[in-house]
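Chain IDs A, B, C and D follow the sequence of writing; residue 1 opens each chain.
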């Protein structure tokens, strides 16, 4: 127990980062499960992060209220984005949504309310570890509950074959919009928690690099189940610190060692476990 | 000013186009986004720098670096894509493995070259003799870079149109199964596609390095995303489209700045791309039907 | 623990070169650990690597007695944050909770500092930024110090001095709008130029890592400004100046700390000559420790130091000074930093003001062939 | 499994469809009453699949109406046509390949209020003559003939008023094709109207009450299988070329 307390005292930030990254990976998994390669999660995260931070800083909203509104707005933006991209699929959808993310970032850079590139500082650090993990647990429970509904069936039908899904009465457009909005709401939660556990926001926090991180976490964990997303986020968040420890232990005093190991691990996981880490575990079970 | 700006856009667009044709070729043939393309672009710039600093003449260094990039492309395919292709892993998983390869290439380059920006001994294009033409000015090296990019794209066009390899590539891009039935050696054709695409990407890297007299580990970052915009503008998988898209992007970027909107440059760029995708999901030259993920 | 009293003296004598105490100093046998967070890899690796180099050199110099740390062993535990704010945060937590580290230097970027320094503040742990020059960094808390001159301390003097000499009426500003450092440059140049009665005829922005500035420069040239103010770090600044030369732009150029790198003249060549750079450090300054620093750094790494390296080395000199005066843990460091008046460093004599910002005067430099000279 | 509404039969009235100016259907009229089996035949490219697409809402008719009792279908999006009780299969099977057999059948009941039970799944599979196997297998892993029948089971799961079968016997062996006759008769016996597009004339003759023959998008004959088979226009346009 003492060891655990000591570990937490030294690594609470890392623990929090894993929680937030896991929420982000889950948010992406929602649209991936509907077969929509929509890569705007970092943008939704950013919108929610700035909104909740501004609500706290300027309007002194309590944490939960600012999270709730940020989630709502983020879901709404996602639902609105679904309309113009309704005809796009696969890589086309991916690129359009990446473009949307870049546009959001440029706006965050140019607006004075976001502080532009100089950032927004002094955000209350009130998203503590319990808050973050209660949020993660709620998302996981909600997704699990949803997995037994008709909505989840429709989502899997849309992923498998949109045309055949229509032929059994699935409103494909509505399911796509709903899954994007649900992913947006979860990304909104992740963004708000990020803002309230990092003191400071800058538009660069929500660029293509962030999107890549979320995507990699989600895919190497395994898209199709919640545990996978959490595992993937855990691995991606821990990897820099694990490689740091390995580097210290082996005395591999070269700057590029950690980067190299990260790339090799990523490649190894994806080549030997294309269904993600959770897929490996499932196969054996 | 506008004449000079259009010329600026033209020079910029030529390198964008050269980078994007390789990007789009791989997409056209394999339906995957190769996010390691920018890493190979960077590796080639460094290779050319090394060769040039050993006294190899620049045109020869360009050629050698492009060939090396092509070989890297073949290796990239064997390591990151071929095993997944054999398993029908879809479009998402190869995207991730290409990110993995990009990280590895970056780490190796960092190991070899460190973090410092590398400069060619001959100096950048801007330092070369200036040619005045009416109200516009450009340098001899800028002109040579522009002409090299155009020449390489013409060579690609010729390969695709007039050679047996080109016919195979087009057949595989059209319908992989049918091409195999017609006797096209799929793996060989895909390997050749990666060689061509990567050597063009590598040449774009060398020309970019020469143009700005700079090779850095992260020089591929900006062009990676802009390259996506280019291939979307032109229509994914369309080589003609990628060339047109490159020049359009160069023009949009330059004109956005010319009209005093530099702060909004990237929003305009991606906004144009987004609107075009919404209005015409297959791009300006794309004829392919939309694909599911 | 009670601290023994500090000797607050202005050490005009060469503090670094002569080993006043050597291995047998008052702190002999003691080991002090200093945590360093630097972006050795990633996008900011080009700034973090010179910092790492400087700490390695300083570590050697302390061992060799060239920097006097009272005979103590000072360990600079340089950790790479890989230009990832999350890693900077984790490192800050690690250093502030490991029970061994006495002070944290870095991180490299202001954006990382805004996330990492509040952790130090909460732990009442002393930290010192060496390159985090954005406004508001030291305001984070009473344990946050900075030995780097902020742009707000450098650029006003730069504008005043250049205006006094060139008497320009119009100016254009070009700055990076996606980075706290260069955005601050742009804002302060705009404010100071306006205050000097200069008409800012055009403002252009770019993104970090951009390479082609010709469209912006072409637009600037069409407005015929007398002077161009550059808010950039050296990788972009060299290209701006080189391309301005090609476009035949004759306006005077000036910039801030970001331009204080040997790359400016070695890369941009003759196009850079005459560019005025307001900075915290002059590589040619004749302080003995600076002369040695430039010489040894160049010998060890094959290229001259830039300002990132100089400020990191100065931080190491400050640490050595505090250690020599008895600071071996975080409380000692904090108390020492609060009481420092003036320390001789490669940046010249520096101290801290009431806001824990560095007290020092900027140097205004001009680029000449193969180097900088002071601007008169 | 109660019907969700009173089945009044499907009426196709004077329907025309064109693709980019090329007419694929011209003034086609037909009725598929409850419990009746209507065959739709014609040479390749005659417009058979276009008619199925028009009825199921995939393409919108240029003129004419399609109605299910009082409900106009021709202006509804595809998913609402399906929800109204029009089910279909595809010439090239479109199962949800990555999902299990059971989930594929359950998907067919999407329009109903309550999901299908495991027993319901088994019963439906039995009705299409799929017996005794692991319903948790991915649908794509099954042999072609079985996939065809599972697609029919999926369509049946929604208790449709009208069922559109697009070449259900294609790719089936003679034994399977023979089994299919009783499957189709069984569907009609429960009151569902069936539109059967098929090349296998023995199947059409065996199960259909009424046959419509299309050529170049137009109805060239209709009647009982025997009447149609004797029609000279049909012999010339269709039977003559394929027999």
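One rule holds for everything that comes next: a residue touches a chain if its C-beta (ideal position, glycine included) is under 8 Å from a C-beta of that chain, and two chains touch if they have at least 3 such contacts.
This one's a predicted model, so the numbers in the text were calculated from it and none came from an experiment.
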Chain at maximum distance from chain C, centres defined as averaged CA atoms: D
Chain closest to the assembly centre - both centres taken as Cα means: A
Pair of chains with maximal C-beta contact number: A-B
Distance between the centres, which are taken as Cα means, of chain C and chain B, whole angstrom: 37
Mean-CA-position distance for chain D and chain C (Å): 76
CA centroid of chain B to CA centroid of chain D, Å: 49
Centre-to-centre distance between chain D and chain A (centres being mean Cα positions), rounded to whole Å: 44
Multi-partner residues of chain B (each touching 2 or more other chains): 110, 114-115, 263, 266
Chain C residues counted as touching two or more neighbouring chains: 40-41, 45, 49, 177
Sequence positions of chain A contacting 2 or more other chains: 109-110, 159, 161, 255-256, 259
Those chain pairs that satisfy the touch definition: A-B, A-C, A-D, B-C
Touching residues (chain side chain C, partner chain A) in the complex: 40-41, 45, 49, 79-80, 82, 84-87, 89-90, 93-94, 97-98, 111, 114-115, 118-119, 134-136, 140, 176-180, 182-184
Complex contact set, residues of chain C against chain B: 40-41, 43, 45-46, 48-49, 177, 202, 204-207, 209-212, 214-216, 218-219, 221-222, 235, 239, 242-243, 245-248, 263, 266-267, 269, 271, 303
Complex interface listing, chain D residues touching chain A: 56-58, 77-80, 82-83, 87-88, 90, 94-99, 103, 106-108, 110-111, 115, 154, 158
Complex interface listing, chain A residues touching chain C: 9-14, 17, 109-110, 116-119, 121, 125, 198-200, 202-205, 237, 240-241, 244, 255-256, 258-259
List of chain A residues in touch with chain D within their complex: 150, 153-154, 156-157, 159-161, 163-172
